[in-house]
Every structure is written in structure tokens, then in C-alpha cells.
């Protein structure tokens, strides 16, 4: 018998693992390591997302799904574009009530996933976090229990276990043993907490490569259900140590989301079939070279 | 102004950071990565340990302190010598009542430290762990609260924050930025949970080495209070990727702990002044070479 | 013993083992190299996932395990033990009882132990593994007892647990399974009789009419075992 | 602004910052290179501890931060934010009020926001940092308000918190601190008048008799700033 490989096409992965009405996790943080090749395919297949789970700071990974009208509600610690400004699809859908916002914070994002990863029914928070407006705005996901050792009130968050998560790693072998070449953000806890995991990678490496550096492998393959080989698949966001974010493209995105976002979606999502086509439309080899050519301090 | 280095002598580190009557954490697991150079110094300075905290599987790191009569109580998930047999000092002191055993399990070891690391007042456990004898034997450290989301009973453990922990890493720079070259066991959570940390290392590396592989640095220096440069400092246990455990010595240790443990302590602890002296007594260069010469699969 | 354990594992399962586990490590690797190429096995404390085991070490935390597909940090392994991902947990104990509960706390009364055991370590997670396999390096009336003095790992107990319970017990004498939540003889190792088993078991084992013989290793299995374990670490484990 | 922020940091302190933080990153590094060699600073989401910042990036998660002493995983950074280790937290908001509370939730009534903000991210941890420093890229009556619509990060509120509260506020116009838990003008940047500050502040700022001038950078500080930030990422941040 032979061992089965997990590398499949992005269309097949989304068909098989992203169900209509699912709780979806999307990895990456700010304009870095967003698994956009998979997210664009979710939009093409018009999968409806019941609830969106993100890192403490979501960016276009959340905003694009929201702008495509596919998201019912979101756990929101932050959705924005850092120094480039606010997330305008998110604003529009949240302000109009088309998107239900479950208000939260960084502590929720981290500890709800950690609770999910450890199969805990809930996760307590350190004292002090009950003093903000957030738990008052979201009494569904923040609740108080007793510390059984002191009898004091303790604020807790609901544990979260996404049905499926979409995460980007720089490298993985064909069995899903994967490496983050830069920051891990909260992606590892998201992987641990999720029922299914689709891993987008810059490159598939041989199993022998993994065996040589086992104590530097961040994700064991048993946690991964599908591997998508998508070089430049994070565009317009960055993939740590591979390429930086495309600031010009992000500005075009923000302009479109201010005006008519369907124009953007038609050009860069619906009108695209393969990752190769996408790379052509965004500017081909010239653009790729430009995003890769940097003074790299490491 | 110049930056301060943290490398100091083991005698000074124990004098400054290990207080009489403290809650002491000791890292490593089974006969691997036990920070024995520091533990021997604690015995020489006869520091009394109020409560000993270990990884889920303690070995000579706990048994030697217990055999020296210094430990009042221990959180015990496991103390033993794996394929070499039971821990006989631990047995003797526990059975006679000289050592108070706070019965626990691997879940307690991991989640009590994680609770401590996250400043949580307590840490819930996944359902099912209430079915064993352990929580019944230790109602001081296992207590029940309500899941605020479902109203169901949930077993919880006390969070643990050692006053000081003694952990072994293979490499660190002079500021405490450190690398585990093999398994990390539960040492990282122990470091995070502890008030003070004494880090024993095989070698001190330049800061430039650390800067070149920042995303593979396991411990940021701000968590470390003292660095002990102690090559072969884990003997008679192993230091991953540096040397294996000394099975002959461990058998001599077990024999002594069955008969008269003071003979062992006199020879290998009280009678020794420096790490260099110790290395001579255990067999010098010949022994060191023997423990290092192995068929290494990595 | 290795063959019986190896054949108790199915393809695509995720298997975990704790301390003193040269035997289940070897069995898992042999299974992977023969009928279960998609098996995942995790060596407890070391966190080694799918180590190549060349050679098989004595200690479950040995750095010889570092040639593996991942060294998964132990706290993450523990999180995994609480998730539904683990199909098989290897277990053992100072005492094992007729219902498959295991004890590592000690022997005697609370507060007055005649033998202080090492402690329960990961056995409480037996309540959450899909099923578990018990292996014991010895088979006598001291370790196979009617009821354990303490429950470190719950077998078929009165309380409901997520696990479907123990599925198999392998000792130096025989292989056993469970019928109506009680231990039953399944097959005898070569040169072992039913009487030898019953005399060395501290409770009434269910003896079915069709007790078979434990299958011998195939040539292929033997070849793998010899290559992986030239030092005999697995054999040395058995008392 | 950079100089004021840098001088607000003491040697041996542990400092943390979140998104949109070119300014505090630069200030921390300058402090480290001048009066505070034992300062530790952590760049939020990236987890970069003591990055060399050559060059200073715009994004707090940029891979240019990877030349650092450790890339500490974000969940571990969050654990650290809850520990007493953090001396200084850099904060900001859509709205900042007279008591130093910050708001990133939005502007308006719950359920009927006129402006949906990005969200509170790490600001709730202000309740646990020894002290915090507020920096704002703009200073006007829309963001300096009598009372925030929502509290993302608590300043001097009625409830007791572990933190000693906000210690300093730095804007493009001035430096402020607190007297009896209310914001007070401390020093004016060059060419700024008291009137310019009061006109652009939406509440009655305490104006002491001895308002000073914000110190200018020394030659040494300027040299470090120019070398670290040749692209002008910090300057570009200010509106």
C-alpha cells in the first residue's frame, strides 16, 4: 500500500471542505499571510459563511468575503488595513446591518481558539478585561462564572471551533507537515481548533526535507486535510520571507470598495479561472519581481 | 550605556533567585534535559522547597531533591525512571509521609502551568477527566465550577506560578534569547508561568547568531533572569542533540537510593565544587566521549 | 506481542503512546511499513510524530526520535489528546482490572499506600480516545486484579465517557479483548496454555470455546522488526 | 513626537505596541540606542522582540521585522500582556477622552453606529499594563472628546484596574499628561500655541502655568532616526 498525498486543486478543496453555512476560519494577520487564492475560490463558488473567525487583526481576507455578500456574521476584534485605512466593505455592511458583528477583542480571538484547540467548554480571561465596553456589547460570547478556588466572578469567553479553516504556510510536504517561515500569528491555534484545515502554501517540499528538521516543523500533517500549491497565493497581501504586500493593488481595492466593489470582483475574482491567470492579471512577472525585490534584513 | 549580560555563576544564581520555602519548577522530562548542575547547587546550598512543580514526567530532577530531604510537597503526575524502574527516594519519602504528594496527572501539569502563564485564576479541563481517582484524591487542586454558557459542571485545576524555575536549553545568548535543539517538553509554559527563571545552557552563543534565526528562537530573553553556562550540566540525564543519558550512572544512582543515598550525595554533590570537578568525578573526557558518540539519525 | 499490537492498528488511524513504550512504538512503525501506510503515531513526551525509529530507543523522550515528521510540543500533544483526533491510546499500569481500568497511583489505601506508584500521567485521557489498547510487560495475579485500587485511566466504568473503551489487551502470555465490558481471552501466544493464563490472572477471565493462537509475525514483519530494533529494546521491555 | 515618546521610556522596561505603530517602534529603538540599552520592545502582531528596524516598516506585522531577537508567537504575546511583565503599552483610538480612555469600536449608539470602527484589538489589555502611553496621528475635536462612546481601552475609570493608567499623550501638536486623572497640557511642539491645542481639543484640558516646549531631538537621536527610517514611515503616519 502507498501513502496518500493531500495536494489537491483549490476548486476541489473548496467544494469538499467548505460547506454552505459553515463557521469559517481565515488565517493571516493585517496584510500578511492571508490565504487569498482559497478565499477567491470560495467567492467564485459563492459559499455562504454563517460565521467568520479571524486572527485578532483581519484585513482583506475578511473584507473581500464580506464585500462579496457572503458573510452573515463575524467575530470582530479588528478589521482594517492598518496604515492604509479602514475596511470599507466591512464598514458598509456593518453600518447597514447586512453584517452582524459579534463584538470582541484580541483576548477573545486568542483564548476562544485556544479553548477550542483544547476542547474546553469555555475559556476564562485574566482579570481586568471586564472593564471595557466589549463584553457589554456581546453578552452572547462573554459570560461570567465563579472561580471555584476563590469564589470570585471571572469573565469567560465561548470556545470556538471553526468547521473549516483556511491558513497559509510558506512550506509543506505532500502530507501536510508544514513550516511558517516568518510570523505564525494565531494561525497555529486556529489550525488546532478547527475541524478541517485547508493549507495554502508557497511551495511543496519533499518529505525528506521535513525529516531533517523535525523540531522546526510547525504543523504536523495529521491536522491538515488539503494542501493547495499556490505560489503568490497571498496576493495582494504578503507571504513572509517570500514577497511583500502589493500596496498599489490594495489602494485600488480600497478605492473600488468605496465606489463599486463588483468591478473589482469581476476583474480579479469572477473573471479568473486559475492562479496563473490571476498572476497575469495583477501584472505578471514584472509585478512579482517588484514585490520580491527588497532589502531583506534577514 | 551598555547592555547588561545575564550569564552568572550557578552559586550566585541559586543564592539570588532560589529562596528558602519557595515554589520551585524544574524542567526536562524523564531522563532528558534535567537541569542537574543547578539542582545539585540547590542541594549544596540546602534550599528548602515548599512545593515542587515538574513536567508531566519527573525523574532524577525531583527524586534527588526529595532524597536530599529538601522537598515538603510535590505536584505529582509521575516521578520515575521509565524503563529503569521506580523512583526510590520518591517512593520512600511518599510512603513514609515525609513528602506530601498532591496527586495530579498530565492534564494538571500542562493546564495548571498554562493557566499560570496566562494569568488565569484557574483552568478548566476537557470533559472526561473527572472520571478518575485523581480529582477525588486531590480536592484542593481540582474543583468544579459552572460552564457559564451551558450551566454544566466543569472540572478545573488551580493555576500554578512557580516562584522560580530551573530549565535547561541547549543554546542561549548572553541576554537569554534561547533555543531548544530538540524536544521542548513543557518547559516553555513553565518559563512563561514562573516569576523568575534560571536557564542552564550547553553553550552561550553570540547575539548575532540569534538575530539571524529570530523566528526559531524559542524563549525571548526578557523572560530569563540568569543564564548558567554548564556544558554537560544535565548529566546523568541527556541534553537533546548534545549527549545521551548515562545509564550506568543512573543504575548506580538507583542502587544508592535503595541502600544509602547519602553516599551518592556525598560523592557527587556535597563533595563537588565546580562543574569541571563534577565532570572529572563521573569519568572525565572518556565518559563524555562515550555519551556523545552515537549513531545519530538526524 | 509486537505483531498482535501492530495488527490491532488500522490504516489512517492516529495513535498515541506514553512512557516506557518501545513495544507500541515498534508495533506502530511496523504497521505503518506494512498494512497501514497512512497511520500517524505520536511518541508521548518527545512529541515525535512518525519517527523513522532507526534505531528504536528505550526512552519515549529520546533524541533518537528526532528524525520524525514533526516534534510536536507536549502541551500541543495534550490538547490533541483531548480532541477527537486520537483513535488509539496505548495504556498500561501497575494494576489492570477485569473492566480494563488501569492504575498508576499506587497499591493500598489512600494515605497509607503499600506501594507508591509513579503517578497517573496521561492515563486520564483514556476517557477521550476513540478506543485504547492495553499492553503489559508482565502478566501475573499482582497486576491483573479484580478491581484496581485507584483509577488512573478509566476502563468500562459506570460513568459515561466519550471513549468506546479498551479494545485489546496484549501481555507476554496472550491477547485478550472484551465481551459485555469484561475481559476475555482471545488468543494464546505460542507454547502458552489456557491454564497458564488463568493461573496468572487475578480474576475470572472469560474463556470462549474458540481461543485461537496469536498469529506469528510474517517474514516481512520480522524483517522490519530486526532492522528497526537491532538492540532489542522492545524485547528488553518484557519481564 | 518620536523624541517625546522615546524619552518617555526608561531603561529595563518592557514595552509593547500594536497596529499602525511605526512611530512607537522608532521611538523604542531610538530609546534603546541612547538612554535605555536594556529596554525590550515587542511589535504586536508580528511578535518581533527587539527588531533592529533597518529599515523601519510601515506595517506592525511586516517581515522586515524578522531581524529581531525572537519572533514570539502572538498567543504568547497575549499571555505576556496579561502578566505583570509589561511596563508600557502604546495605545490610540478613533476617540480619546479626558480620562485617557480609548475607543476603536465606533462612533454613535450601539446598533446604530454612524462610524463602525475597526474593533478594539489589544486595547482591553491597557487595564493590565503598568502604565500606558497614548499616541495619536491627529489632534482635533473629533478624536479628543469629553467621553468616548465606547471603552476599548480603559483610562481612569470608576472600576479598579491593575494598571496605574495612562501616563502620557503625544500628538502632532503637543505632549500631555494627567493631573487628578484628567488630561493636562505638558509641553507644546515648536510653532504650536496653547490656543491651537485648546481649539483642537473637545474638552477642557488642564492648562498649567508652566507649559514648556517639547524638547527637540539631539544630534544623536536625529542620526538614529534618519538611519532607521530613511523611507519616512514614521513621518508618513502623521496626518
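Just a few scattered comments:
When the chains are written out, they are named A, B, C and D in that same order, and each has its own residue count from 1.
Simple rule for what comes next: a contact is a pair of C-beta atoms (placed from the backbone, for glycine too) under 8 Å apart; a residue touches a chain by one contact, two chains touch by 3 or more.
Small disclaimer: the values here were computed from a predicted structure and weren't measured.
Simply put, of B-C and A-C, more C-beta pairs touch at B-C. Between chain A and chain D, the centres computed from C-alpha atoms are 27 Å apart. Spacing of chain B relative to chain D, judged by their CA centroids, is 39 angstrom. Multi-chain contact residues of chain D (touching two or more other chains): 48, 52, 66-67, 71, 78, 82, 128. Multi-chain contact residues of chain B (touching two or more other chains) are listed as 111, 118-119, 126-127, 182-183, 214-215, 298. Contact topology of the protein chains: irregular, matching none of line, ring, star or complete. Two chains count as a pair here when they touch; such pairs are A-B, A-C, A-D, B-C, B-D.
Of all residues in chain B, those touching chain A in their complex are 111, 118-127, 143-150, 152, 154, 156, 158, 180-183, 212, 214-216, 298.
The part of chain B that touches chain D in the complex is made up of residues 1-4, 117-119, 173, 175, 177, 192, 207, 210-211, 214-215, 217, 219-223.
Chain D contributes residues 11, 14, 35-38, 40, 48-49, 51-52, 66-72, 76, 78-80, 82-83, 85, 128 to its touches with chain B in the complex. Partner chain C is touched in their complex by these residues of chain B: 29-32, 55-57, 76-80, 82-83, 86-87, 90-91, 94-95, 101, 103-107, 110-111, 114, 126-129, 131-134, 137, 182-186, 188-189, 238, 240-241, 244-245, 294-298. Across the interface of their complex, chain B is touched by residues 19-20, 22, 45-48, 52, 54-55, 58-64, 66-67, 71, 73-75, 78, 82, 103-105, 110, 113-125, 127-128, 150-154, 157, 159, 161-163, 236-237 of chain C.
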